[in-house]
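Let me begin by presenting the structure, written as structure tokens, before commenting on it.
In order of appearance the chains are A, B, C and D, and numbering begins at 1 in each one.
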Amino acid sequence: MVMHKMTFAMNKHLLIFNLIFVTYLKVVSSENSIEEDNDTQGRYLIEGKVFPADHPFTPPNWQASTQLHVNGGEYIGFVKEDGSFIVHNIPSGSYILEVLHPEFSYEQVRVEINSKGKFRARKVNHIQTSAVVQVPYPLKLKPLGKTRYFQIREQWRITDFLFNPMILMMFLPLLLIMILPKMLNDPETKREMEQIGSLTKFEMPEVSDYVTNFLAGTSQTQHAKKNAKNKKRQ
Amino acid sequence: MATNKLQSKRFKWSLDSSKCSKLSSINESALPAPPAYSTSGVLSSGEVAKKTDASHLIMKKSWEVALAPIKQVPMNLFIMYMAGNSISIFPIMMVGMLFMRPIQALFQLNGTFKTVENSSVIGQKIVYIFGNLVNIGLALYKCQSMGLLPTHSSDWLAFVEPRVRQEYIGGGIMFS
Amino acid sequence: MIATKNFKYIFLIYLFNISYCLYEDQIGKFDWKLNYVGNVKFGTIDSTKRVIVATEENVIASLSLKNGQILWRQVLENPALNQIELLHVDKEVITVSGGKGTWYVRGWDSSSGSLLWEWSFYMENKQRPYWILSKGQLVHIIPVLGSHIEITSYDVHNGRNNGKTMKISTPWVTDLSKCQTAGVYWTCISTNDSSGQLFYTDMLSSANQVRTFPIQSLIGSAPGHIEIKPLESGDSNLFLIRNNVARLLKLQPEAPHVYPYSLSDKAVTAFNGDQTLLLQTIQNSPTNKLTIQTIELQEGTENVFEMDYTNEAGVANIVSAVCKGTACRIFVKSNDNSVSLLQLPGGKVSWTREEGLSQVVAVEFFELPLSELDASIEHEFDSISGDIFSTFYNRIFSQIRQLLVVLSGQQGDSNIGMVRDEFGLHKIIVVVTASGRLYGLDSMSGNIVWSQYLKGVEGFSVLGKLSVPLFVQRSARYSPLMAQCAALMKDKITGHGVMYTFDPITGQSIGNIERLPYQIEQAMLLPYEDDKHMKGLLIMSDNYEVMVYPSSAKPVLLKHASSIFFYTAGSKSKILQGYNLVHSTTDSLKATPTWTLNLGPADLIAVNVRPSSERVHSQGRVLADRSVLYKYVNPNLLAIATLMDDPIHKQVLSIYLVDGVTGLVVYSAAHKRVGKPVHLVHSENWLVYSYYNARFRRMELATVELYEGPTQSNSTSFSSHAVSQLPHPQTQAYIFPGTPLAMLATLTERGITNKHILIALSSGAVTEVPWAFLEPRGPHGTMNMEEGYIPYIPELPIPAEATINYNQSIPQVRGIQVAPARLESTCLVLVYGLDLFYTRVTPSKTFDLLKEDFDHWLIAIVLIGLIVASYITKRLASRKALKLAWK
Amino acid sequence: MCLKFVVIVLISFSTTAFSSNVEYDGWVNINLQHSLTFSDKPVFTDRGNVTIQSLRTGTAVVQQKPLTQSDRVKLRDLSATNEFYQLKSTVTLADGSEISFLSTVKACMLVESELNDILSVSLDYSGRVIAITLAVASTSTCEGAVVPIDKLKEFSTSVFVRHTENGPTPDTATYIQKLEREREAKERGDVKDNRSFLAKYWMYIIPVIILMVITSATNPEGAGAAR
């Protein structure tokens, strides 16, 4: 989830980065007769450019550690000094191209080559295969951000400790016990409190009274009778 | 505690008045009230004075004790409602309290009624036990609604032993 | 789209709670990685700093000459289809790789390993061409037998074709095994004996002159088989080999020059200033030290050096050598695929790389024996002498010893070395490699504890993969008895079975390597132990005879014959056959067929059983209404995957769950229009499989879970024969945005811990997917959310946090092996491919261990503080009470 | 006891048999042979014929001969020694080709079920028979019940044709719908809540009031005690 946040930050950087960076140059070296021959045989090449992370984060020798995998390594491309790449010998079809770098993550791209050799690149959407969000071809691949492999260790902070519900539960009552009596020492507040107390005070009928009365009533009459008898004997 | 104090005070007061009950009955209408004698006090004292029997007061006390658990029921219900059905330390503590209090009370049954030993308190005891049982019932209900009672087959799942296999199989894809 | 993102966000929070991930300070704490380059095919010592190698794994790498470490490494296309055919090291490194008509020519920066340029071409002609590189021209040669050779040369940097394809008429090319390229020359011999002729022609000159010389005139006539072989590092040099004695020929436009030295065909040249040095190994017996001979090509001065190098596998060849004055550095490769750098004249070994470990075939984890001290405590209880005083004395004595060990700061442990630790985390990993060498690796460090080379054997080929079955016959638990493990292989020549039994802890072989007089069809470890805690190994031969090793296990087998079943799956016959052993007698063991399953035209892709050591702790699943759905845990269930070509659906993947005892098909499902790669994971009562959906062009994972229902038909014992009710399958499928290369489920000691699926991806990551994510929600889950239930999302995320190997990518993963630690929460994992990566995973986090960041100090301080505070307040309170009383 | 389970089996077997909609149909003739003496080279004798008229619906006609007296004794002996009863089923396909399958059950289970058995005919996705398995419905292997030999006369075989169902596919449609619904709900949820403070939070206020009332009621002398 922090990834997404990171992504936005990186994108901002990259915008500036892009302005400085030389605009994309098409690679010429591959334009030769063989390739043209191959085209007629239905072999195409996917080309584009990989951008490294923004300047302070650019890993040294990133070109050597970056690879391009088409369809999970069926075809492989390597990155040249300037970041450009070509994946060779691809027959027409639909492919997923991913940039592999151990430290940075890139978005996957789906590249479709029709039988006439027309290219279309779009965002990978496995769920809605019909939804097409096109991306420019030749590809320009920018890092989404540094790949976060690790969890960040929680650090002990006093605020965490204090706002812990357990601590709150223990200390708040303590505070109340300590402070409330002090407040009550003030005679005026005492009186106010009493008033409030008398307001809420109302007579509750005592059940025990009723029961005692009820039971005692009968027993008392008996008692009385006994007494009476005793008296008579006397 | 406060009630006891008050009662004892009242008791004293009523004893005093009982001593001169004859006197008061004679002079009640005729004589004006002595200074610092409040009418309300007289009224109550008069009320008490009517039931001068100490055993009656003991009865009343005993009934108060007997009814205390039942009086707790609405409070317990409220606590139960407030505690919620989630399983965390405070609800568990509350449930523990709900159980502990009536059980302890039941164990100390005779001790509780010792103060009123001179009269027969079987009725009170029954009511007292009933009240505590109601409280235990409430606690059980709470446990049930919290899912703490092992009433479902899933609660015993952890004790289901893996079945002993009667056959063993081995092999795989042929090597040649 | 925003909604999706939010959803993923929630999902990731879930993941944080469920899946375990590493902290940054845990790097390397309990994982290690060994990096390899593969079986070296070509190698060139470039300058004094590095050696550039190209390997069978289609990898090009640069190794440091100083210590053999990898300076850079580039993994090219899938080695099964693509191979590096040419390596040329100059200012830059040039490789030609490919296969099946697709060729890639690449130039690499030799210091950084980044790509400088590349071009490729595609040919209809699938014949394997010959390549030579000369003066910036890459020459591509296709011989056409009996008629001509087609030579096309390209500018090596950009592939521009210089001129047209040349055809040189060579009617003398009759057999490609008799032809070679040597420098710019195309050369052939007409027959394999001394009466033949040697032809050669310069392919780059426009003259197209063919020279012919009778072999007799070059090396004289003598009987024997004659072959030609180019000198690996020479330009136009050729070996003429007769009876393993090679003569070096320098091909020249006019006539070849023959050097008068008898050489081995594995000699190489090294340039020493303007002199050329020939190097060869002359004595190469397994036990003795290696001896290297150097010959100065022009003057013929010979020197012999004894190297401080022994390898029982024997040195295969010198790959490359470089000399400066009298000092030479020689890069050699051994038969076990290890490579070493030797120094002349000192004869020292600078470094050795065990490249055999890049081709791991089988892996097994072994528990270590108890330390002597622990063992002595254990033994106290063994002897029941009944004497109170002696046992008391023993107890006190061992306790004191234990105390001493603790006081001496765990020194005892490091001295003894390979002993079991408290949590069973320290194990020995036995690894079998394709080269025939077995290694014992220390699971704590990855160090090689022992290694053993087996000559003339190879693994079985099962579904196109090498496989060496390893069987744990006895673990190290039974202390005075040695642990025993058996590996089954086959003889390289006869194909007969070979059984090697060894102690996995020390690597010592137990008995000799047993060469069996038959081919092995299948084997099985018996589930019952004999009186020495040894489990027998049952082997079925190719003529369906059954043998048991060791023979002491035979009575055990006969006793339990009615409960042991056996099955074979024929990848060619496409028939699965079940057997029982009830007809076995003491004289002969018999396997009688009991059931058959005919797959028909479908191809068998995988057969998978649950790990035998797996324990299922929970027998059911709790539903939302707190009732139980009992699992169908059948230990005899086989999961079978087949792929069949279909005219309408292209390819159809069928998944069968078959009871191995009765042959009853418990569940079957078919996926249409799908294809390889297919991987199966079978555990507890479920199966996970991955396949490529050709229709939607995506990878998918499907899961099947089997339930018995709300009641258990028989709660005490499980028999496959008692079919009271077919299990209810629940299924679900997911989109998986990655390409799995290997899959396996984690395994823990008691099966209480959650299960994770470990998936090695083509991107080099090994990711963990909790089973809770994959669990079929079925009709129960979607309606009412059970506690801890994760809502179904069709696309599984692959979060970076779930990558167990973080940024240490593992290319070309071939398999994963897991083993439980004695700690229930922990599962040990070894991922093997080009590299070896070992780590621990804790699917339910380390619930049985105190967190390593647990603050002992904080809790101690708090406790002491509270005690002190309570004392002080007590005193204060008493003082206050006293004062009040006086008032 | 046993019967009850048979019923369960019938239900579970039949639901799987008819649930899948298959695109093929055809008939299959299965010739059943059994071996009543258990040896490593079993001799198979005729037991009967099963004709599945329609693979799609799984309707089958079972013709089986009653067991002769000697066969019954053999079967009982087999059961008494806890041996296996073997069945060989030969399938004749519509094109005349034959494939045979082997299947084994414990003889005692067959006897205890009084020859009530189940023949499971498994088909692959295209309707080809891949396995024919004989099974006996029971919860445990053998209970040791003594079955009178007269009951071992007629096989009552239920035939179940078990199709290969279509494997699961990722359920994207409902997920997309769910997302759609969520989006709509969000749009609707943006409408401002105009209710008054009390109307919104009454459920929090009332417990507080009740709490206050009750505490004061249970402790009415609280104020007095402070005096």
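The rule we apply is simple: a residue touches a chain if its C-beta (ideal position, glycine included) is under 8 Å from a C-beta of that chain, and two chains touch if they have at least 3 such contacts.
Worth saying up front: this structure is predicted, and the values here are computed from it rather than measured.
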| item | value |
| --- | --- |
| Between A-D and B-C, the pair joined by more C-beta contacts | B-C |
| Centroid distance [mean C-alpha coordinates] between chain C and chain B, Å | 72 |
| Chain centre separation (chain A, chain D; CA means) in Å | 42 |
| Chain B-chain D separation of Cα centroids, rounded to whole Å | 55 |
| Cα-centroid distance, chain A relative to chain C, in whole angstrom | 37 |
| Where chain B touches two or more other chains, by residue | 166 |
| Multi-chain contact sites of chain D, meaning residues that touch two or more partners | 141, 170, 172, 175 |
| Residues within chain C bordering two or more other chains | 714, 717, 719, 721, 735, 794-795 |
| Graph class of chain-chain contacts, one of line, ring, star, complete, other | complete |
| Residues on chain A engaged by chain D in the complex (per definition of touch) | 127-128, 184, 190, 193-194, 197-198, 200-202, 204 |
| Touching residues (chain side chain D, partner chain A) in the complex | 170, 172, 175-176, 212-213, 216-217, 220, 222-223, 226 |
| Chain B-facing residues of chain A, complex | 166, 169, 206-209, 211-212, 215-216, 219-220, 223 |
| Chain D contact footprint on chain B (complex, rising order) | 1-3, 6, 74-75, 78, 81-82, 166 |
| Chain B residues touching chain C - in the complex, by the definition given at the top | 147, 152-155, 157-158, 160-176 |
